[in-house]
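Chain lettering (A, B, C and D) follows the sequence in which the chains are written, and residue indices restart at 1 in each chain.
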Amino acid sequence: MRLVKRSPWLLGLGMLLAGVVMAPGARADVTTDQSGSLVIYPKVISDGTRDTLIQLSNRSNNFAFVHCFYVNTMGSCSLSGGSCRRDSDCDPGETCVRTCDGQNFDLVLTPQQPIQWRVSTGRLTVPFAPPCRPGQTCQCTFDTSSGQLVCPGLTVGDTNSAFVPQIGPNFEGELKCYQVDADGAPFGGNALKGTATIETLSTGQISEYNAISVLSGQVNPNRDLLLNGTEYNACPRNVVFVAPGEGSTDSFTTATVSTEVTLASCTELFEEAVPAPVTVRFVGYNELELTQSVEAFQFDCFFNDRLRELPGNVFSSTQGELWKIRVTPSSSNVCLTGTNRGGSCSSDADCPDFQTSPGGESLGCRPSPGVVGVAEQFFFRGLLEGTAAYNLHQESSRTFDIITVTTP
Amino acid sequence: MRKEDRDMDGQRKSRLVFSLGCLVTALALMSSASVAQKVTSEEPAGYLVFPKIVVDPSGGLNGTPRDTVIRITNTDGNNPRIAHCFYVDGTPRCSIGGGLDGFGACRTNEDCAPGGICAVRECAVINFDLTLTPGQPVGWRASEGVTTTGLCDGTAAGLPCSSDSDCPGSGNSCVQLGADDFGRVPPLGPGIFIGELKCVQVDRTTNITAGPGTPVNRNDLIGNASIYAVTPADSTVDVQSYNAIGVQAASEDGTTQGDTSMNLSDSGGEYAGCPAQVVVNHFFDAADLGGGRTVQSDITLVPCSEQLELNTVFSSVLQILVFNEFEQRFSTSTTLGCYRESRLSNLDRRPGQESTSIFNVNVQGTLAGQTVIRPVLSGDGDPGNGILAVVEEFHRTGNQRRSAAFNVHWRGSKNQADTVSY
Amino acid sequence: MRRKRSGWLAGVGFVAALALAAASEGQTRSGSDRPGSILMFPKVVRSASRDTIVQITNTGNSVNYVHCFYLEGPQSQAANAACQAVDFELVLTRQQPTQWRASQGRRVSPGDAFGSPQAGYDPGLIPPLPQGFEGALVCVEVNSNGEPFGQNRLKGEATIVDDGTGDVSKYNAFALAKSGGDTDNNLNLDGSDYETCPATLHLNFSPWGSLDPVIEDFGNANLNSFISTNLVLLPCDLDFRNGTRTNGTVSFLVRDEFESPFSGSFPFRCWTSIDLGSPSSGLSQFRSTLLTGGAIGTIFAQAQLTPTRPLVGVAESFHTDQAGVTGAAATNLHTSGSANATVRLP
Amino acid sequence: MKGSRRVAAFGFAALLGLGVGWVGRASALSTSDRPAGILVWPKVVVDTRGVFGAPMDTRIDIASTYDQGIRQAHCFYVNATSHCSVSGLACRTGADCGSTGGECVPSWSEIDFDIFLTREQPLDWYASQGLAGSSFPLPSGTCQGGTQDTRPCVSSLQCPGGTCSFSNSNVGSSIPPVPEDPFIGSLTCIQFTGGSNSVPDQTTARNRLIGGATIVRRFANGFPDDPARYSAVGLEALGNAVSGNTLQLQDGSGNYSSCPSTLILSHIFDGAVDPIANNVSNQYRTELTLVPCSNDFLTQRPGLAVAQFLVFNEFEQRFSTSRTVDCLLDTPLSLIDTRNPARSIFSAGVAGSIAGQTRIRGVGGRDELGSGLLGVARALVSGMPGGPAGVTSAAYGLHQQGNARTDVIILP
């Protein structure tokens, strides 16, 4: 209804779009304080203990068509099939297998529209959700038939279908959303901005961070999203963050402080349904100028763990009260696909059976994927934890990452 | 005074009157050579001013709950029109203490915590947009604003709702306005609000991130406001109405103006200039109109110039002439910031001293009076010193207190522009 | 008296010359918010409980002679029913305001006590109105000889009071300015002699029987509040010389918040008072859907009135709770366009 | 007419196509992602005695990303704590002064200090405590040569025959505690070259500072402490040498990148029920802190701007209001436009939806100074079993758009 009323002046907005986002002095790295055509929520949790509230806004004066992927990195034990994050979560002899499967969905945002949803329940599309009124509780309602939330607001989509699908209580991973045109092809609107709030269900403790925005340039409307600084801005060369030494005692609260770092691969192979093999180096500098590092740390598509779980617990408070940690993707090449996936290589020949992207890019021997991430501090005292998430800083950029998508 | 004395008096004055008449009339006419468009309380205009909006659902001001119903109509029966509106908060508030409503609203310093000053200090502005379909009349209660999307039918016909459950009575349903939804208006309640509403006819908002639309050269809006005082406790249903003051755009060609700064001037301005003088006919305060009916008048003054959204308050000096039925003249002066709502007797006297005011019948001796208010001009018109006003009469008969509002008269055209920017 | 005033008149003559010269430069259109030379009070009532207090002010610095006519509404509904007129004269000194209760008129009584209802220079003998009077008041600036004389210095207000309930309504008189032209007794409202009258009237109203949202919330209502609107219309064509009265038809277009248009027409006579939407009016287009035959489902509506001959008018709304307690408020109608008319003086 | 609306609606698809190819990329704006030459912490709060609720302090961290040597940070605390006119006690609003404390009167003062960071060194401190020179991790230099070679030193006099090297020490650094408790204010640190003629760093080693702050609230045993962390906002040095003591924040010819034309805040409207807990007692509210980009530390004139707010709800409806930012504005969203939060355009009941997006633009300003704004938001959820105050919180940065403005920082 509002669309109908507004539509006559939509025509005038076309010229505006360019004016709003055109700007000189282009940079080519990702950001957490500007809107982009691709937004990455590196840490999304719905595991029954914690849940996540996603906020996504359209910063433009046009409709924003959005295609999103949830990437569930919760693994399953190789034999028992139980949920796991790491091998130690499984029985001896089992390994934790991560598939990094993507679950995708589409959204339509009206001009300047902010929306929100709870990850575990998703949100239902309804023909009309009445606006809140003064003096009344402003709250979403639970739709028992679909298990989804119905919230006041304009949801464009098929009535009583999922505006955002429900994910359930067994999810840990990331969310990537990119802007598309009305036909579903990648579109460089730079209209999206996002925020995520992770909440501990038992205590209500919340952590909030800004989604990583990837601005776009000249977008090729195929199924390859190239984070090469030309089509989309490039992922950082390094990510840097400051964290107290693992297990250090906070002088004000006497709480024991621990930091969880989350890294998401910039390269995603949704079309090939293959997890991206990532190799990074952690280098920490403490307040005494002493250095500790973790070399050639490998994971598939996603890493989320406490610093103390890194090999050797090298960033513990016994080594330093405060650490500045730089995470650098490996400079060596790696096979993205094929039977040697994750193995080092010097050419595609080293990656038997490697695949090619929908846009014709080789997915064989390529520089190791880049990473983006978020950190979260936990103040532990008396069996309870206070939480605070924060974005990582970035240094320079690298132009090798690619996201292959399944639609249109 | 005997009739003969009066004639003699007239004779003595004749020469003076002759010259004075020529002089004043020449000046008046010089200023009243006005343009086709004008500041008007009865013609459609591109810029509407509602000088007085009162919200006091709890009756904190005088014990009787008060509210204001605002009506705005698009008189263009063929085209939808957009209005960008501003509420300007002119509520006197305490510098210390919660005042009458817990949020600082007050009448005098006595309503504040010790040491607190009761004054209009914030002049906060809230903006919203109205999208009016062709010929659409809309209205709302200022205390509630428009936070719903439809109107009830059945025995609750016309009451606002978003869903059936919002409609009182049995079997009544909520009919969605759909394409006739004219937008969302923020409520001014709970608590006390005294202030003004200003609405500018703007173009289709082509850049909502850049803010409101730009004024257009059209005159399609009319409006009026009804201020209620209702309480079943003493069977009071008191309603007063006045027409919104319309400031007409000089051109009606439908083009969009260059920016969101509106020049109000009869000399090439984008809108008609504000008048040089405000003329008010009134009964002197405490006058007995017969039948045990005594009367008192309140005047609300608002500036023509506004720097809305800049939180800028500038002050103007107002010169006031008062005439009674004996041809006698008195004068006083006062100041106007962003808003002034005052009993006439408090323009020159503090609360408690009203009986010695030149607006009091005990000073003037006659029932009817004429007051001419003239802003003292200063500056270059940005801001200017123009004023607009509306007057309320409060009649008391025994313990019954009823009121009526009416528009004032304008005279002349001042040779200084006013500027409204947002 | 007049000889004594000769000095004044010299000034007045000069003033008038200036006034006409200035008027020819382009005077504003007629309205209720600027002084003028002809004042029209469309609604003056005097009943058992209601009375009207008239205020007229000379906003000029010279004496102003005023010729006024009480125009009583037709006593029958017949289309050719006449309106009886009674006239009187006022003399207002410079800047003088004056007032009187219609039920009492005003006497020339120099000895009035300080602060008493008739204290002040008495403007002249003003006849009291009988109980049951419903009509209009029209006043015209004249010179000492009674000839039309435009100074454009008159303004007026009418306060309708209810001495039973204490209620009060107030509106401004409609003023037409002298533009130039001749000074005969045919006052041509054509833009060259006097300003024109409006061609179209706009009324913001609530349909007959609609709920009052404020009374429903604050007052004694329970979905039984009631809003009604009385519309009074006065033709600009007034022939006080021959007593010929103007009749015609008003076409209307009503819109509610849903944009639903309702149109129709009704006749007007030399003075017309209609309770819009009431059963007696026969105008269901002005009636709420709450009532049988009602057409308007919203509380806020507007009516565009286009008469065959120009009219001025006043609307008075009545807001009633379920106990019958009523509050009234009067407003001037909004206007647009212009149309010519003639006022003929005796 | 409605028909015509429908027809016009179809023009929209073509419109999207129009946008393709015109899309630009990010401009040089302030950043909370990258190392920079100026860091701004918009919100530093201290209330260790719990005058305004749970005891609270701010843990500030700063680090150098330079791997070659020392970088100097010249820092300014801006004290924006208001005080009651009668009692003199710190206050946030008039309500904190009660009925006898008088008005809550804003005030402004500044204190500055230096931090010398060795290569890649991180430092942190609590604002209430500061960091005395002797408390720095590397409080002394090292003798090079002479009889005392490799011994700690603070002066070459301690190194007979050699010199005292400060190349990897924090000597010269001292961070004072904030001047009062309770305290609210901001912190600005500017990277200097260090050395005998230290100037704002526009060398190739510029833009090597990163920072953050954790607002920590301490609750009684049995309740979790509540940290809320945000990253300091950075302004990148552009490599244009600073003349005099005025730093020009202007893209292109200026010394540092511009402050954004517009800040964009994503938030849950005040009073909206937390969709995760979905319990009536668990309601959101958001605190917004804004500081002017411009400051005159020389003549002690704080920056001033009028913040214009455009508020969008999930129904694509817009309200707006404005509020003056004089030195610092720290307020719940629903007290920006009124003293009565129930009728604020930032309250969920008025806005009508759960989520909102607010665009903030600075206008006005003082002579010579600009009207740019920087800020940070802090979301709070009430009613949780999280402590006596029943509130948990999280801080996050604002988004930004556009860089067409000029601001200045005038140094003492």
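Note that in this section contacts are C-beta pairs under 8 Å (C-beta built on N, C-alpha and C of every residue); 3 or more make two chains touch, one makes a residue touch a chain.
From a predicted model like this one, the values you see are computed outputs, not experimental measurements.
If subunit B is disregarded, contacts among the remaining chains split them into A, D | C. Contact with subunit C and subunit D alike is made by B.
With B-D and B-C as the two chain pairs, more C-beta contacts join B-C. When every chain is represented by the mean of its C-alpha atoms, the one lying closest to the mean of all protein C-alpha atoms is B.
Chain centres here are C-alpha means, and the one lying farthest from subunit B is A. Mean C-alpha position of subunit B lies 42 Å from that of subunit D.
Distance from the subunit A centre to the subunit C centre is 72 Å, each centre being the mean of its Cα atoms. Here the CA centre of subunit B is 22 Å from the CA centre of subunit C. The distance from the centre of subunit A to the centre of subunit B, each centre being the mean of the chain's C-alpha atoms, comes to 54 Å. Subunit B has residues 133-134, 145, 147, 179, 184, 187, 190, 208-209 in contact with two or more other chains. In subunit A, the positions touching at least two other chains are 2, 4-5, 8, 13, 20, 59, 111-112, 131-135. Along subunit C, no residue makes contact with two or more other chains. Judged by the touch criterion defined above, the protein chains form a pattern that is neither an open path, a ring nor a star, and not fully connected either. Touching chain pairs in this entry, ordered by label, are A-B, A-D, B-C, B-D.
On the side of subunit B, the complex with subunit A involves touching residues 131, 144-145, 147-149, 162-163, 166, 176, 178-179, 181, 184, 187, 190, 204-209. Within the complex formed with subunit B, the residues of subunit A that make contact are 1-2, 4-5, 8-9, 12-13, 16, 20, 59-61, 111-112, 128, 130-135. The residues of subunit D lying in touch with subunit B in their complex are 1-2, 5, 86, 94-95, 97-100, 102-103, 262, 306, 308, 310, 313, 315, 317-324, 337-340, 342-343, 345, 349-350, 352, 359, 363-364. Residues of subunit B touching subunit D in their complex: 80, 89, 93, 95-98, 101-104, 113-116, 122, 124-129, 133-134, 145, 147, 179, 183-184, 186-191, 208-209, 211-212, 309-312.
Interface residues of subunit B facing subunit C in the complex, by the touch rule stated above, are 1-3, 6-7, 10-11, 14-15, 17-22, 24-26, 28-30, 32-36, 38-44, 57, 65, 67, 69, 71, 73, 75, 77, 133-139, 141, 151, 153, 155-160, 168-169, 175, 177, 180, 182, 222-224, 226, 228, 230-232, 235-243, 279, 281, 283, 287-291, 293, 323-327, 329, 361-362, 365-370, 372, 393, 395-398, 400-411.
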